[in-house]
Each structure stands twice: as C-alpha cells, then as structure tokens.
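Next come two complexes built around chain A: one with chain B, the other with chain C.
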Partner chain A sequence: MTAATGADEAPTPPTSWTVRTRTRISRIVPQGQALPDRQPAYMSSWIYVFGVLTIAALLVVIATGVLLAIGGVAWWHVSPAGHFVNSLHLWSVELFFAFMVIHLWGKFWMAAWRGNRALTWMTGVLAFLGSIGTAFTGYLSQSNFDSQWISTQAKDGLNAVGVGAYFNVLNPGQMLVWHVTLLPLLIGLIVAIHLVLVRRHGIVPPLEAEAADANLADEGGAR
Partner chain B sequence: MKSSVLLADPAGRYISAGVIQISLTNAITIGAMIVLFALAILLPFPRHGGRGRRGGDS
Partner chain C sequence: MTTTTAAPPAARRRPRTPDSHGFPTRPYDLVKEFVVAIIVVALLTVGLAAAFSSPDEKAITMSDWAAAAPNDVVATAAGELAGTTTSASYGPPYNTAAEGQKLGPLPLAKWAGVRIPVNSAQDLVVTPLSHVTGNATLTAALATWKAATPDQQTAWASAYSDALSKAPNGDPTQVATGDYGPVPTMSQAFLTVASSGGLEGMLASSTFYGIDQTRPLLLLSDGSYLEDQARARHLGGDQWGMMNETGNYPGQPWMWLYTFWYQIPPFSTSSNADALVWGLMMLLTLLLVLVPFIPGLRSIPRWIPVHRIIWRDWYRDHPRRRT
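And now, the complex of A and B:
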C-alpha cells in the first residue's frame, strides 16, 4: 500500500463515497461558520444570550443525570451527596426551562423563522416539546410519593388519548428508561440539529436590522 | 380524622381570579421570567473597550 502523497497520482474519483460524504459535511455550514469568532453587531444584546444559557443548563442536567444514574435511587434519597446532586439536577432543569422559554419569547417577537429559518424554528419547537416529556418522565422517576401522585393524575389523560398501553405512567421501570435513554437521545439529536441549523443560517437579526446586514435571503439558498 | 385533614390541606398558597387559579410560587416564577426578559431587552450589553465595533460584516 502506498501513501497518497505523490503529485502525479490520479485524484480520487468524485463517485467515491468518502469524497461525497466529505463534500456534503463540508457544505453543511458555510466555511468558517461552524465556530465563528466574529458575529454581527446586532448580536450585542442580552436577549441573544439565552440560547447558550439553555445549552449550558442542559449540560448540567445531563452531567448530574449521569451521576444520579451511577449512584442509583438509594444514593439520591438518603446520602448527603446524593441529595446535593439530586437538587442540582432539579434546579438545572428549572433554569433550563426558564432560559428556554425566555429564548422562545425573544425569538418569537423577532420572528426568528425569517430568512429560511423555518426548520431552525421547528426543531426548537420539537426540542421544547421533547423537553416537557423528558421532565415529565423525570418527575415520574423520583421514586417517592410525588411521583406516585403525578402518575395517578396523568394516567387517565394518557389513557383517554389511547397511548396508555404503550406509555404506561404507572410503570416506573418503563418511565425511568424513557427518562434516561430514549428521550435524552432524542433531545440530544434535536438540539444538535438545531445548533447546526443556527450555524448554517447565522443568528436571526432583529426586525429593525438593515436588510444588507441581516442575511435574510428568502428565496433560494440552503434550507 | 387528623390524617384526612392533613391530606386536604393545600400544598401551597394559591391566587384565584375567576376560572384562573395559579400557585403563588408559579406566579412569582413567571413574573421573574418576564422581568428577566424585559431586562434582557432593555439593559445595554457590555462591550470590550478599545477593540472598536465588533462584527457587522458576517
């Protein structure tokens, strides 16, 4: 096997799947925009901070959730360290939702779906709805009287819409697996797509931004 | 029976206005979020001194 360094070697044919994949990946976001070091002037506003605050809170949620999964139910119920991590998990979720809703308000009032950003908006919607489901299964996984109360209150509504046989809130094992594997994977995937789309289209400008400064090509362009 | 009285106790203080009923804790939390939203709109964002205008060309 020879190294592909010779200048006279034939170039890899464009039909190669590695070339096609590499080209496709390189075109997902404009060059230099994956981790940009410069941003438009209109981004100098506190309202643009709440997206990254939401991500930061989500990272704390995931890290403390991993610790809770390692320690187990008895650990988070009886040990001081377990109580502390359990509280960190709860309060980071509270902050996650507060930051996410303020981010949502900010983006709604600047019509953040402008400029081919509809998919960015919709993945944000999905992340919000998925987060509600993840938080709900988290409340059901506390293994205390609160989780019992919530599950008995929720079962009738879920049975009424016909999903009770597949999503049984009275089954703590099923709810725990939804909470620690399926829904976090879903949220992680949606958030990753959301972030890639934000980098692909750039941050949304405020309504009063100059058209030339706003990157608002409504026709054509990448979606 | 005392236990039934305990179970009947509300879990917190509630604000009621017609069909609307919300716990005081939730009302304070939502109010704080609205205040934070307003501050994020109104407060100026700190700028780095001496580096000129940031961005504007991307």
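And now, the complex of A and C:
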C-alpha cells in the first residue's frame, strides 16, 4: 500500500525499498494477530500462563539487573539496599527459569512445533540456552567466594573444548560485559523473534485436530 | 533391484496440522494477562528476596589464605617453582606443558592454542617476589635462582616440594635437611608477601586496572585451601558442586544435567571427563534444538498423552478424536 498523493505529486513507485520493507513487515504477522483480543477456544489450560510469566520474570530480571548496574560491581557487597536488590535479581532469575522450564515442557507435550512452528520451538530452546549462559556469567560476576569457586571449576570444561581460550571465566571483567550487554542483547533478540513467530502462527491446535475442526481450509504446514 | 509394495502415501500420512486462525475463538485479554503476570512475579520476587535474601560469602584473599593455611601457601609456591601444580602442568590455553584434553580424536584445546600465556613459576611466584624491596636474603635467593639452569631450578624445587609433603602437617620448619637451593627462602618470602595483602595486585595485572583475575585464581586453585573450603560447603565437583552455591540457596538447578555426568562413570573416572561431558552436552543440546525434525523423538508427545490433560476441554467437546 502506498500513501495517498496529491494531484501534483509524483506517486511512490512500487519498487521503493521503503514500500517493499513496509509491505514485508506488515505480512510477518496476519492482520489483527499482533495483539489479538480473541484466542482459539482450545487455548484453555493453566499451562499457557507460563509463557507470559516467563516474559514477565525476564522483565523483572532486567529491571533488577539495571538497578544493580547503576550501583556498580561492588555496591551490593557494602550496602543493605544493594544486597536487597541483588536478592531481587537472584530470585527473579530463579522464577524466570522455573517458569521457562515449565513452559518448555508444556510445549514439548503439546508437540508445539507442528504446523510450521519448528522455528518457534528452536528459538525457544536457544533462548533457554542463552539464559543459562547469562545466569552463569552472572554467578562469575559476583566477585565473592561463589565466583571464585565456580570460575575455577568451570574453566576446565571450557578449556577442554577450546572455548576457554576466548571466553575466559577467570576474567570477571570479560564475564561482566558478557553478562550485562552481549548475552542480554542476544536473548532480547531471540525472545523478540520467538514472540513474533508465536503471533505469526498462532497457538498450536490440539493433537488430532483436523482441518474440519477449523473454518479455514488447511493451507499446509509440518505434520 | 527389488520391488516393494508400499501403502498409498495418503493412507500413511497424518493429517496436516490445521491453521490455528481458523478455529472457533473466545475473548482473551492478553494485555490484562501480561499486567497481572508482571504484578504477580514482582510480588513473588519481593517476597522471596525479603524472606530468603541472597548469599554473599566474602572472596578468599591471599592474606586470608596465608593466615588460615600458611603451609599450603608455602607448598603451593614450591610446587609452582617445581612445575608440578595444576596450572604449571595444565597445557592450553595457559602453556604447552600438556596437550590438553581431546574430544575423541579432536584436540580442540590444542587447536585453540596458548592464548592466555601463564608461566606458573615465573608469573605466579618469581615476578611477585621481584617486587619485594628491602629483603637482602630474598634478593640473594632470587639472584641464585635466576643464575641457575632450568634443570637445577627444577631439582631444588622438586626436592623441597617432596620434603614438604613428608614433613608433619607440611610444616616448613620441620622439613628434613636437603639441597633445596634458594627455594625455601623464596617460598617463605612468598608467604610473607601473601600475608601482607599485596599479592593480588602483583598478580592481577601489569596495568593500573587489575581487572583480569586469571593469575590470582590459578594460584589460589593450585593450593588445596580453596577446594577444602568448597568441599566443606558441599561444592566439590563430585558433590554436584558447580550448579550449587554457598548456603541453602537453589543455585543453578538448570545445570543439573551437565553436573550429573560428572557424578557417574565413565566421566567420573576419566582424565578426559571435561571434553567428554562437553561433547555429550553439545550432542544433547543439538537434539533438543532439532526435536521437531527427529523421527521418534518428535512422536513422544503422541505416545505419552499428557496433551489429553492440557486440552481436556477440547477433547471433551470432540470425543470422536479419542482413541
């Protein structure tokens, strides 16, 4: 779709990169499905809550992490307020993982990769793996006994496969930068793609549901 | 060539998964659900933080180590000079003293190379001692050490290291008489430097901002004090250590499978355990990512009907699907 133009104005050519980009973006998610106010009737279980709980916990993790970052690396060691913020960060991470693992198992038992949703599953698993790495670098950035012990233990696994030569867990400066910038950015990107894919394909129908259960003709998809 | 008779494809293929957008719908307030979720998670987080706080056990300093286990500091210094500590005999990425572990035939550690060079004797002991001033005995001992051949250095340090291990409680004052060259003087001076609290700064970096703790941590883990402290807190490698943390806190339970392999043979007894566990975990991770494409694995949800519970309302309204 191109913008309306006046009589004297030259129309935007359909070959415009901007028009093409806008068209492509508008087709990523079916019209009205980016933020729908209705869901399929079969979406009726508490298990569906854990996806949004995971996102909510991620936001709390990020918010508490930002507060810790404002105070700096050593703040939480010397300030009761800083220690409480660290506790908030820790427990939001524990909740985040608990919700995410339940969400992941729920999607496994739904075989939620059906109907062209394999990439949704794969991005979810990648988000899980990236979160493990982020939490791990968080433990290495604590600058306390846990950091000392976990880093000296973890180095052997990473060194054994050559990763430690580039990702040095004994260097808390490197680990902190990974923890507060690189990995959160990566997770944010993966989660964004995951959510767009969820909205693009909708909630996976029940196993054994057939095209006859849907009003629309089946237009294909993975079995 | 053989001829086979196959059932018509249509008879064997499962019906395609229908488009979810074609099913009957019901009102669903996503924004309200999200806002409620945020509030619930925030309240839960505040409640858990207020009730249980978080662990923060102080890092072990070199002076802590020297005060609590002085004999271990002396033995570690002698071991670094003898080249017998873990870091001195590690291999890549720190040095070429070993080839490193292999993943099957693949020497991944060796391929990555020595990217974080650490000469344990020089970097962890001799260089810090070289910064000490006003100690003529130490200065003379260092001069003797530097003038000796590598073989002589190793002979002195190995002999002293062995003698320490045979002394009661590893006590340097009870070591049998022997030809140890300057090593006892250097080891004792190293203990003094550690006690002074200045060793971390000498080890951490040659620049003003000593951010990289590779050398202090290698030195600390070459001694037995750090591991003793960890084991006392049930954090040893064979105690599911790396996924736990100090105190009664959940730690990183999501790493249970990685930690699990270290508890059982052949991993628990293999000198190649780290590479093997990593290789296995990479394989399992790949399987998890590719579940949608792996026959059998992707059918498990059909065989074990947990989905009957999840979609029980839908199955109740569509009884013809029940098997």
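Here, the second predicted complex is superposed on the first by the 198 of 223 C-alpha atoms of A that agree within 3 Å, B and C clash if a C-alpha of one lies under 4 Å from a C-alpha of the other, contacts with A are read in each partner's own complex, and residues count from 1 in each chain.
Note that in this section contacts are C-beta pairs under 8 Å (C-beta built on N, C-alpha and C of every residue); 3 or more make two chains touch, one makes a residue touch a chain.
Because the structure is a prediction, the values reported are computed rather than measured.
The partner of chain A that touches more of its residues, comparing chain B with chain C, is C.
Shared-chain residue A:I62: touches no atom of chain B or chain C. By the document's definition of touching, neither partner reaches A:L195: not chain B, not chain C.
Of the two partner chains, chain B is the only one touched by A:I102; chain C is not.
Once chain A of one complex is fitted onto chain A of the other, the partner contacts of A:I47 extend to both chain B and chain C.
Once chain A of one complex is fitted onto chain A of the other, the partner contacts of A:E208 are limited to chain C, with no touch recorded for chain B. Residues 33, 36, 38-41, 43-45, 47, 49, 101, 106, 202, 213 of chain A are contacted both by chain B in one complex and by chain C in the other.
Residue ranges of chain C in contact with chain A, taken from their complex: 13-31, 33-34, 37-38, 40-42, 44-46, 48-50, 52-60, 90, 92-93, 100-101, 103, 108-109, 111-116, 211-214, 217-218, 220-221, 226, 229-230, 235, 237, 241-242, 245-246, 249-250, 252-255, 272, 274-275, 277-279, 285, 288-293, 298, 300-302, 304, 306-307, 309-315, 318, 321, 323.
Interface residues of chain A, counted against chain B in their complex, comprise 33, 36, 38-41, 43-47, 49-50, 98, 101-102, 105-106, 202, 213. By the touch criterion given at the top, residues 30, 33, 35-45, 47, 49, 52-53, 55-57, 59-60, 64, 76-77, 83-84, 86-92, 94-95, 97, 101, 106, 108-111, 113-115, 117-118, 121-122, 125-126, 129, 131-132, 135-136, 139, 142-154, 156-166, 168, 170-174, 201-211, 213-223 of chain A touch chain C in their complex. Those residues of chain B that touch chain A in the complex are listed here as 29, 33, 36-37, 39-41, 43, 45, 47, 53-58.
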